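These notes open a run of structures that come right after.
Next come two complexes built around subunit A: one with subunit B, the other with subunit C.
For the complex of A and B:
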């Protein structure tokens, strides 16, 4: 039996604004064995008071009712003791100054937070981590270019083994097929010999690195710490190729009717003829702990007929990538063998229409154009001529030094300008017409060759590459948001892809210089090491690295509705033949989206589940005959909306005392049953405050707030069928810096609900 | 001898390096010279190109710091010297007093009684603050700070009396801490280039010339004007705004390199202005718009589609005072030819980034001529102390730095 100690902070105006004796009595009534107050609770003396009760009185559940839980972080931390913190300062006193004449309301607000925290603390259990015994300490690296090779070498240096799988027959990818390389550090002014051969030699000499060339990943199954990788020869079909689920469209027949489960299964099987089921275990698979996806990029080659004004299709018009191939072979010559002594580099294809670069261009495109221009000058020092026509020379950071270093070469002609026409000049060369140049007006130059500064297309644009044998399919999801790059969408956390344990690096993530690729491979290697440790000790990976809990399923009541398996933003759940979910704790990020999705309410965490939050809601006191005291619940994302409320309060913003705030891990974890609980307890409205969604989503769990938004539509429907206004339940998107707006958002909602009057079912 | 890692700088890069190393299981000391973590990005209103608030990611990283027993951090602290070699560095740290205790998280009362005001450095002097203050609303640590200048003054006494007993401690003195660490990650970041050094741009002489970092503070809801961009002379929203790109950058007399972020920062600030008014006319003087990569190029495309934004290729060479406090920007139009003059109500200098190493180098760390850190086996720079980069590259570089530091520790252990 848990022994609860509840401690009320009375400083910072709390003691003056609230009837502390009443709160104390209430806490005792609600089951707290010890209730104490302290006007300087966060001081050493205050902390000691609580510590003494833990050590001498056997308190093993502590409620701190005082400042926002965000501000106190190490003082109240006792091993084996569950600590719940509820904010009387920000959420009650600061945001509801008593001079507004609503002392009674404010007291009731505080009392409800005491009730809610007591309801919670009585039901929480300490997390029991799901530890993986002896997870594999080996990392699989997909792609043997610079990023992949760097990852392997850095892992080896940190003591970890890895296997590189490379489609081609050699390591090195594009970086091994270049004549010279742009600098990877000081001095930034000189071209250097390619570093790839050196890296390849180091890899071949390193006993911690295994290399499989001419090999592809057919599928990768299971979980971080124990991935099963099925390899195959590059380019061939394999029974272990990852099966592809039906698309949403494929689940309907020609008449738009949804196919039965059985028919869907048939269609799925037909689609994946010759492939093993995704749950089938390949006994020949190799085991890995984590994956670095460094599958790189493919050169963009314009289609036939594209860029006609640049004479694409003429044998003397090539892409930068083709030009590098020519340069690697020897002196720069044309297809007809003629020396290419004058070469024009076209960086921006838009003529006078626009000033943008080629698709998938980047700083690399600009830097490569400069490098290629230099090749021409090196091959033909006497009479070679390089023309670079650009709209914007993109040599960021220290690459500016490289750009500068070329500007004094007399054979190097660099100018901004719109290339409006490239055509055969009738004398075996090309004439290039450029308008609006820096040197004034228009010009036409005759050259032997034209090079288009085309971009680098990430390999994940067209193919899954990683080939997960996962319920949700072989590819990373929603990459179209990032033009096919295997990107995370998070500026702050670029390695956080939508699949735990797989970290993208290099050109597959964004177009990068070789210097960046090396750094990126190193960063991804670190993330791979972290996940190995995380699964071993059983904590989540980013963003909840402190979390040792994981969602538990009560399968006896599962109806195989598949919502959790389909909605999990991280593809953590697989399923069996019948559709019963198979949780994979090592893939899970602990957002609780599955818990929010489950109509049977069978998914939950030890300290965050349907029952706990439901009890918090039911413990809110709802006066059933006082129209001045309507009640609302506000579910607030703890990552962004909750801090916004804290700051609003600290800046003196106030909001109505009628709603009760319940922090949630993510709006995705909000189960509709909580909304029903609130409405059936006679509460008058429910507001959800979560992160922005859409293309630039801010949800730390990618899809949580968006899914909550979708569920709201269903809620609205069911409210309507009950004869309750659907406007009583609302979702608003807020950012963490909306602290200037969030109180108004709450007040507007309250006003709307007050306008509707009490919940018609109040008191029933 | 200890197997720990020192991270110098608690900005975006330092925080990232610290949490990433700590989450691998290494002991980390994190030292920040300001009295809050978050560094330069804590002052930004939004990140480009996503236009999301930097505090969103900082909040997560603060939580990672708070919940990770492997991290010891000091704010208001400087690293004075680093000596030793790979695997074995002696480090001297000075922790300056805040004159408050950690439980002092509500300085409101002290603020009310204080009568003096000092320029608010967090807002680049655009407004003032009291000598007792919370560095900023999302400050971490969330602890009030009292200026040393009020110690033993009547003002100090008043503040002390207004705050709860024991929360103010004027007996605090500088504390020296000596550590032995295996590896040092340098994440000391950057300062906006001092705009007064560019005489011809007249910064500091005309009130309506501001820097891009000042615009960030103006646009922030926690800034001097609750998010409204204004011209300093009359506090009105500007109807015309001119951006001066490469204010210091790509200039051999100032910062010879490209500062990477200023073009995108300007594009981003154009979106702030547009959100505040549909009519503001904006002109951008530039050499090249450096929006490398598809994400950034798409952002440029979006801003360029705005009919009230004009881009003029030309470097601003002179600045004159116009009528009514306006500013006249004069540039050579490198395309159209001749001089182009634009009178604007507010001029924004897109000042570049200068690494801390150029301004306050740390003894024992080697810097190049620009002030960027020269990497050594055990001294690992990341983010903008290494080279000018954007935030996403800083994340990449500081994550990589954490692994490099871990390798140093491993080599030592083996």
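For the complex of A and C:
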């Protein structure tokens, strides 16, 4: 039997604003064996007080009612003791100043948070980590370009073995096929010899690195720590090629009717003829612990007929990539052998549309244009002329030095401008018309050659590359949000992909210079090492690295509806023939999206499940007959929306005392049953505050808030059928810097609900 | 705006960069320079456009730009330039290139733009003076050469004014010819650059000589003597005083020289109408003026040098070889002039004649270099002053195509 100790922090104004004695009595009534207060709870003396109770009184469940749970006090971590933190400071006192000494509402708010935390603490169990025994310490690196080679070398330095699998017959990729490269360190004004050959030599001399050239990854199965990689010769078919699930469209017949499960299965089998089932184990597969995906990019080559106004198709109009090939062979010459002494570099193909670049253009295309312009000047120092016509010149960081050094060259001519026409000038060259230039007005320039600053297409745009043997298919999901770049939420989590244990580096993730690729390979290598450790000790990876828990399934009640397997943002769930989910804790990020998806409510965590949150809701006191005291529940995503509330409170913003806030791991984890619980316990409204979704999504679990949005549409339908206004349940998107708006969002919702009056089911 | 066909002239860019404008390519067109420039006008702001044209090697555009010459290298632009593109220095370099552009033959321009070339020219001058004097002594005067035996020292005994005139008048003719061509081409270029209206036959209006002098040259000269623009310079206003000393001394010496030329060379030596005028007694007003002019020249040079040293050190402006060549050449002229006078009066024969020879050589080089060196700014900047007034009147319909006759009296 758990023994609960509840400790109330009375500093920071809490003691003055609230009736602490009443809270103490309440906590005791709710079942806390020990209730104590301290005006400096987070000081050594306060910590010692709690510690004494743990050690001498046998307290094994602790509630700290005081500062926001977001403030981390590691001193309160006692082995085997569950710590629950509830915020009296930010969510109650700071955000709800006393209304002329009338503290009734604020006191009730504090009391409810005590009740809710007591309801939770009585139901939590200590997590038991799922540890993997002797996980593989070897890292698979897909792609042998600069990023891949850098990752391999860094891993070797750190003592880890790796295997580089490279499709081509040589390592080095594009970086090995260039004449010169932009500098990777000071001085930033001169081009240097390619560094790729040096890296290749280091790789070949390193006993910790295995290289497989001319090889592809047919499939990769299982989990971090124990990936099974099936290799094949590049470009051939293999029985171990990863099977591809039916697309949503393929699940329907020609008349738009959904195919039966049996027909779908047939169609799926036909589609994957000759391929082993995704759950089949390849006994010849090699075992790896983690993967660095450094499969790079492909040059964009415009199709025939594209960019007609830039004379694409004329033999003297080439892409930057083709120009590099020419430069690699020797002096810059044209297809007809004539020396190209004047070359125009066209950065933006949009003519007068000034916010228009070639697809996949980036800082790298700007820097490459500068480098290529320098080739011309180096080949023809006396009379070589390089023109760069740009709408955007992107030379981030120290590349600005390179840019400046080129500007100083007498033969470099740079101007912003709209290239409206390139045509044969009738004298064996090309005439380039540029409008709205810095020189004032329009100009024409005669040149020998035109180079288009085309972009770098990430390999994951058109191919799966990684070829997972996963229930959700071989490729990363939703990469269209990143134009095909292999990324998840790059602002917050560089290198992370939508598959735990696989870390993207280099051009596949973002267009990068060679210098950036080296750093990126290093970063991804470190992430790979982290995951190896994580699976060994059984904690989650970013963003819940402290979490040793994992979702538990009560399979007896599973109806094989497949919602969890389909909706898991990380593809953590596989399934069997019947469709019963097969959890893979090592792939799981503990966001709880499966829990939110499950209509049978059979998925949960030890300290975060349907029952715990449901009990918290039911323990909120709802006055039956007081129209002044309507009650709402606000489910707040703890990643961005909750911090926004904390910041708002610390900045003195206040909001209505009527709603009760329940932090959730992700809105994706909010199960519809909680909303039903809230409405049936007489709450007057439910608000969900989560991350922005859509193109620029900020959800830490990629899809959680978006899924919640879809689920709320269904909730609205069922509310309507009950005769309850659907506006009583609402989802709002909040980003972490919306702290100045979040209190207004809450107040607006409260006002709307108050306007609707009490929940018609109140009291039933 | 009309589409212009751009053909960058790399050699023009290179020349500007090599003659002190090496920073021109740094300019990123923020226009701070034109805003802070105390001399720039709203109608035609500079030096931003000149920076851009030079970056793009548009030599023709720069050649047609009178504003280049209305710049006095105050250095305010250079001081405030966020990119350290030093527009003041670049325009100075552009001017040097313009002088070279309008000067023929080019080898003289090359010679006068290098210190060794100038030193060589002075040696050439010495040889020339000795040759002419030697021939004169042997064939006409029969004085001992190179040190005449007569005392007191009279430079006539070394070489009379006639052979000097042979040497110098031929040089004057040559210099005037080169300058005439240069200024004529310059005038045409800036007329085109200023978009002056053309006549039906396609020529640019040219002021009649009388109007030119009374309506434009005299006001321009008045403005130059007043140094009113120079004094507006923010960073380098104190350069104006030294420069004014030099300008005044040149004017005084010009008048003195012409007085002597007419009285001595023409009326006495050539026509024998009057007796010898030189050497003049020290109390003679012309002699007094000459001595004052000589002293002002040297003082002015040192003032200018002092300011330039300070500003160069501070980074407000850069000083090219040409800047120093002109300063030291003028100093050499003044120093040797006064030196030969002092040694003559003190009867130090072994020094008086050599210093006099050196003086003649330096004067000759300074003279000859006028159309080819930085000294040419005397002509081109003055022309620019004149043109600016003329162009303003033409554009406002007060001059050109005979219009000035009706309104010319306003000047």
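Throughout what follows, the second predicted complex is superposed on the first by the 649 of 764 C-alpha atoms of A that agree within 3 Å, B and C clash if a C-alpha of one lies under 4 Å from a C-alpha of the other, contacts with A are read in each partner's own complex, and residues count from 1 in each chain.
As a convention for this text, a contact is a pair of C-beta atoms (placed from the backbone, for glycine too) under 8 Å apart; a residue touches a chain by one contact, two chains touch by 3 or more.
Predicted, not measured: the structure shown is a model, and the values here were computed from it.
Undergrad: Between subunit B (first) and subunit C (second), which, if any, makes contact with A:95: first, second, both or neither?
TA: neither
Undergrad: Based on the superposed arrangement, let me know which partner A:383 touches: subunit B (first), subunit C (second), both, or neither?
TA: second
Undergrad: Should A:361 be classified as contacting the first partner (subunit B), the second (subunit C), both, or neither?
TA: A:361 sits against subunit B, while subunit C stays out of touch.
Undergrad: Touch test for A:681: subunit B only (first), subunit C only (second), both, or neither?
TA: Touch status of A:681: no partner.
Undergrad: Considering only the touch criterion stated at the top, classify A:411 as touching first (subunit B), second (subunit C), both, or neither.
TA: The answer is second: A:411 touches subunit C but not subunit B.
Undergrad: So in the superposed three-chain picture, is A:522 touching just subunit B, just subunit C, both, or none of them (first/second/both/neither)?
TA: A:522 sits against subunit B, while subunit C stays out of touch.
Undergrad: When the two structures are laid over each other on chain A, which of subunit B and subunit C touches more residues of subunit A?
TA: B
Undergrad: Looking at the overlay, what does A:446 touch: subunit B (first), subunit C (second), both, or neither?
TA: After superposing on A, A:446 lies in contact with subunit C but is clear of subunit B.
Undergrad: Counting only touches as set out at the top, which of subunit B and subunit C does A:438 meet: first, second, both, neither?
TA: both
Undergrad: Touching subunit B and also subunit C: which subunit A residues?
TA: The answer is residues 404, 438, 440 of subunit A.
Undergrad: Which of the residues in subunit B come into contact with subunit A in the complex?
TA: 12, 16, 19-20, 23-25, 45, 47, 50-61, 63-64, 66-68, 101-103, 105-106, 134, 137-138, 142, 164-167, 220-222, 226-227, 250, 256-260, 288-295, 297-298, 300-301, 304, 313, 334-335, 337, 368, 372, 374-375, 387-389, 391-393, 395-397, 399-400, 402-404, 406-407, 410
Undergrad: Which residues, counting only subunit A, touch subunit C once they are in their complex?
TA: 382-383, 385, 404, 407-413, 433, 438-446
Undergrad: Please name which positions on subunit A make contact with subunit B in the complex.
TA: Those residues of subunit A that touch subunit B are 11-13, 39-40, 42-43, 46, 67, 70-71, 73-74, 89, 154, 157-159, 185-186, 354-357, 359-363, 366, 390, 392-401, 404, 416, 436-438, 440, 455, 482-483, 485, 489-495, 510-511, 516, 519-520, 522-523, 525-527, 529-530, 533-534, 542-543, 545-546, 639-640, 643, 647, 650-651, 692, 696, 698, 700, 735-740.
Undergrad: Can you list the residues on subunit C that touch subunit A in the complex?
TA: My answer: residues 1-8, 10, 13-14, 17, 25-26, 28-29, 49, 52-53, 55-58.
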